[in-house]
Amino acid sequence: MKLTVLIHCEDQPGIISSVTQFIHGKNGNIIYLDQHVDKEAGVFFMRLESEFDSHLELSHFKESFEQKLAKTYGMEWDAFEDGHKPKMAIFVSKYKHCLYDLLSRHNSGELDVDIPFILSNHPDLKYIADQFQIPFFHVPFTKDIRETAEVEQMELLKEHQVDFVVLARYMQIVSPKVIDVFPHKIINIHHSFLPAFAGAKPYHAAFERGVKIIGATSHYVTAELDAGPIIEQDVTTVSHTHAIKDFIAKGRDLEKIVLARAVHLHVARKTIVYNNKTVIFS
Amino acid sequence: MKLTVLIHCEDQPGIISSVTQFIHGKNGNIIYLDQHVDKEAGVFFMRLESEFDSHLELSHFKESFEQKLAKTYGMEWDAFEDGHKPKMAIFVSKYKHCLYDLLSRHNSGELDVDIPFILSNHPDLKYIADQFQIPFFHVPFTKDIRETAEVEQMELLKEHQVDFVVLARYMQIVSPKVIDVFPHKIINIHHSFLPAFAGAKPYHAAFERGVKIIGATSHYVTAELDAGPIIEQDVTTVSHTHAIKDFIAKGRDLEKIVLARAVHLHVARKTIVYNNKTVIFS
Amino acid sequence: MKLTVLIHCEDQPGIISSVTQFIHGKNGNIIYLDQHVDKEAGVFFMRLESEFDSHLELSHFKESFEQKLAKTYGMEWDAFEDGHKPKMAIFVSKYKHCLYDLLSRHNSGELDVDIPFILSNHPDLKYIADQFQIPFFHVPFTKDIRETAEVEQMELLKEHQVDFVVLARYMQIVSPKVIDVFPHKIINIHHSFLPAFAGAKPYHAAFERGVKIIGATSHYVTAELDAGPIIEQDVTTVSHTHAIKDFIAKGRDLEKIVLARAVHLHVARKTIVYNNKTVIFS
Amino acid sequence: MKLTVLIHCEDQPGIISSVTQFIHGKNGNIIYLDQHVDKEAGVFFMRLESEFDSHLELSHFKESFEQKLAKTYGMEWDAFEDGHKPKMAIFVSKYKHCLYDLLSRHNSGELDVDIPFILSNHPDLKYIADQFQIPFFHVPFTKDIRETAEVEQMELLKEHQVDFVVLARYMQIVSPKVIDVFPHKIINIHHSFLPAFAGAKPYHAAFERGVKIIGATSHYVTAELDAGPIIEQDVTTVSHTHAIKDFIAKGRDLEKIVLARAVHLHVARKTIVYNNKTVIFS
């Protein structure tokens, strides 16, 4: 059995030694260990991968860890057994590039998840879902039917036991109710180098300002728009020769790569969120 | 004689043809031509380098160009004779890296300017000016003595016939009076990827926000703080492992490179400002 | 009518003026002009876009240009009328990422070409061709049947009036006979930063050498393996933490982006090949 | 007291646990731990920073570590006490940019080393050494006087108890005798993206090949020219518009940044060399 353990707690002496001894005591072999201390915040973070004899049970390990370590150090932590394929729902609107990219990766075996469904507030991209034989749900979304839509979304997410959601250029605000049920489990791609150009039409704003570099940002969704913990960013150069449509075209390539990287990091359990920021064990 | 001509005007048919014919009629050989049309704004931009027989006089060329071309097309334009070394004043406060970088480049022959003086609101960096044998003026700057300081600055700039000013991490606001006399001739380096993190302490703000990329921006100074036309930007990656002091250290390398590139572009007359944005003929 | 004209010839005085006058004389309005002189080689390059009254005929324009300009200056040149959709064949083997990326772009309207067929030396990726409803031809390729395969390839290319070929990770050498018929019209993606790691298994070689950056290179195919004119390159950082499989995974994203950019440049007629190098009017 | 410990050995179960327990047993508080396993080579690497009560003696720690850990696991290792300023000699020829950059950083407090001397095979840059008040030795180097020169170099290095050497664009081969005495302690900057364009005139070769990206590589010097373990690389874009002199100018900025980063990593003891590659704990 292979486990990945993610820990964070107040920084204190002896944590690393205690954790590694604990793993050793369970006849575990640590095959990866990375730790980080945020000295400003006084917080300790650790990611650890360990192999165990197959007769170790996850529930037993968890109970023991909680009693012997987590309580002592006041840890927030979790342990994940290798081999579990998380269920990833995709929300889209009308833009195709991120959806095509995620589905192509999934179909090529690059992305180790199940995709129970694609949800959209428009019917336009159903044909892509069909191409890849993924169920597609059209859930319209306007101010008037907002609450109904949210209920429908929640039901689909529950029914399909979704683990996390990817907003692949989904052009609607996600309801706080949904965010509450999926804390740091909804991944968005914003088409600017946040915090520059938050909100609508960032490429237009970037063009207007005359920047020489544009970017894309993938982040966990929180109640505040475009202000959640940043997972991944990347940029590309632009110049006066590029019109807004060129910004948009260059941006598409950024968006799909940055979103895919963020999804990979999340799936590989390489992210810990703290203080509205991420620790990325890459 | 070699001339560089910079033109911008309302976009109209036939401009390129008219300009190249004009040059041809003066027995000029065009060795470089780049043009750009901002279709949103309907503005035409051109940069042209041309060689002429030595007996052509610049004043004669200018008069003829104005009469035969500029008036017809309503051009804003200028022509520069090769070989003129512009006079560049440097303003600094206490940070050394940009100053050292500019002076090293100047001393190595990379930067084809004269540096009549370095001005600072602190005396600390006089020893660097001495190392490179450049006159150093200490002009203190506080709210109380603001007007006196501005007068002193203006007198120094006039007396030394300064062509343009580089703010090499000068930590004071430049007076609107000075800006008026040097429109798009004062180059600043801001230690963030503008428009993100304008104002004070951008590295602290970037750390706080948890960005994965930091940047630096060189721009022409206008009355509005950190909002002038951007000349050059660059970025570098950061992660949770970097503390604020690491942001600052990584940023230093960005700042000096980005500022130097902007100064090079300005000196080579490769920049045209329009609509608070730059066209960079690189 | 809108024309794009590509020119190169020995550098001589007066070319730009002559060309722009010629266009002007045809009542053309130049909407884009970029030129370049390779001073080492003494060669002049130009790309020009011009709009004409609709009654101008391309054949007439070409004849006139040839007589009045091209002969005088010894130009190699061509003119292309806007609106012609080039026919692009795709050759693949077993890797999916570049194929998926090209087909997704095509399906999204990003790539303004017709794709008459996909050819592969393996049957594996037929299902992707089916997903996107593109004809798929399985043309096996081994030493023994090499000549037959080449004949079959040539026949398919002719029959479908293919304009250019994209090798989207096609793992076989393209026959010199095919290259001769498609000079600088076959675009390959090589999974290294050429000229480093030419030939087979570049990621393994890069890992072995311990480089800190890996790359991908798109180039026109010539008789010499991996030595044709480079159209586009890009890189990404790696570290000791990345195993060969990580190099390959990171490389996939590079490959598809770099190949797509090269195809875009080719389709937009922004490339001129000279001296086994490219001039890219971007 | 603060110690930095660097370890590598054959990968075996229990190493991390044993090391952290050992540190804990000495009342040390681990403030940083990073480890890496090269699975291809079966080698374990670790970097650890730990704080101890001030009465711990380094020699005592080392003896105990050797007996209780290093022998058991067959470790190659070393421990360094914080606060020791390494002595860094600089070798140059005629290029100024890397020398100016290193001395500026040193003078600004960015680089925590002593610089006992600058050595050059030419007298040209003595004036820069004078500017920064560093001793300068002119040691001519030609085939005829090679052995004498090597002896003189060795004597200077010994006499000044030099810890490591930086070749800041030193255009001579370093003698194998000197390399033997400073194994992985001589840092070179090569002006290409190695392994592309090893040897002389890399910018000319890059121009000739028509690459779209150029690079710089900092590596430890080994007997084989430009083939030592790579510490740091970076790249920048070029295009057909850049002549060789532009490659050289753009390259200068790369070279000085890449060399400085490598020196920083070495000084901070963040590098381990194994199998002609580096593990960089950044």
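Each chain carries a letter (A, B, C and D) given by its place in the written order, and its residues are counted from 1.
Note that a residue touches a chain if its C-beta (ideal position, glycine included) is under 8 Å from a C-beta of that chain, and two chains touch if they have at least 3 such contacts.
Here the structure is a predicted model, which is why all the values come from computation and not from measurement.
**Q** On the document's contact criterion, could you list the chains that touch subunit A and likewise touch subunit B?
**A** Touching subunit A and subunit B alike, sorted by label: C, D.
**Q** What's the overlap between the neighbours of subunit A and those of subunit D?
**A** Both-contact set = B, C.
**Q** Of all the other chains, whose mean CA position lies farthest from subunit D?
**A** C
**Q** Between B-C and C-D, which chain pair is linked by more C-beta pairs in contact?
**A** C-D
**Q** Nearest whole angstrom, what separates the Cα centre of subunit B from the Cα centre of subunit C?
**A** 38
**Q** Could you work out how far the Cα centre of subunit C sits from that of subunit D, in whole Å?
**A** A distance of 41 Å separates the two centres.
**Q** Quick one: which residues in subunit A touch 2 or more of the other chains?
**A** In subunit A, 241, 282 touch at least two other chains.
**Q** Over in the complex, which subunit D residues touch subunit B? Could you list them?
**A** It comes out as residues 96-97, 100-101, 104-105, 107-108, 110, 131-132, 241, 249, 252-253, 257, 260, 282.
**Q** Mind listing the subunit A positions that touch subunit D in their complex?
**A** Residues of subunit A touching subunit D: 13-14, 16-17, 20-21, 23-24, 29-35, 37, 237.
**Q** What part of subunit B is in contact with subunit A in the complex they form?
**A** Where subunit B meets subunit A, its residues are 36, 38-40, 45, 193-197, 207, 209-213, 215, 229-235, 239-241, 243-244, 275-280, 282.
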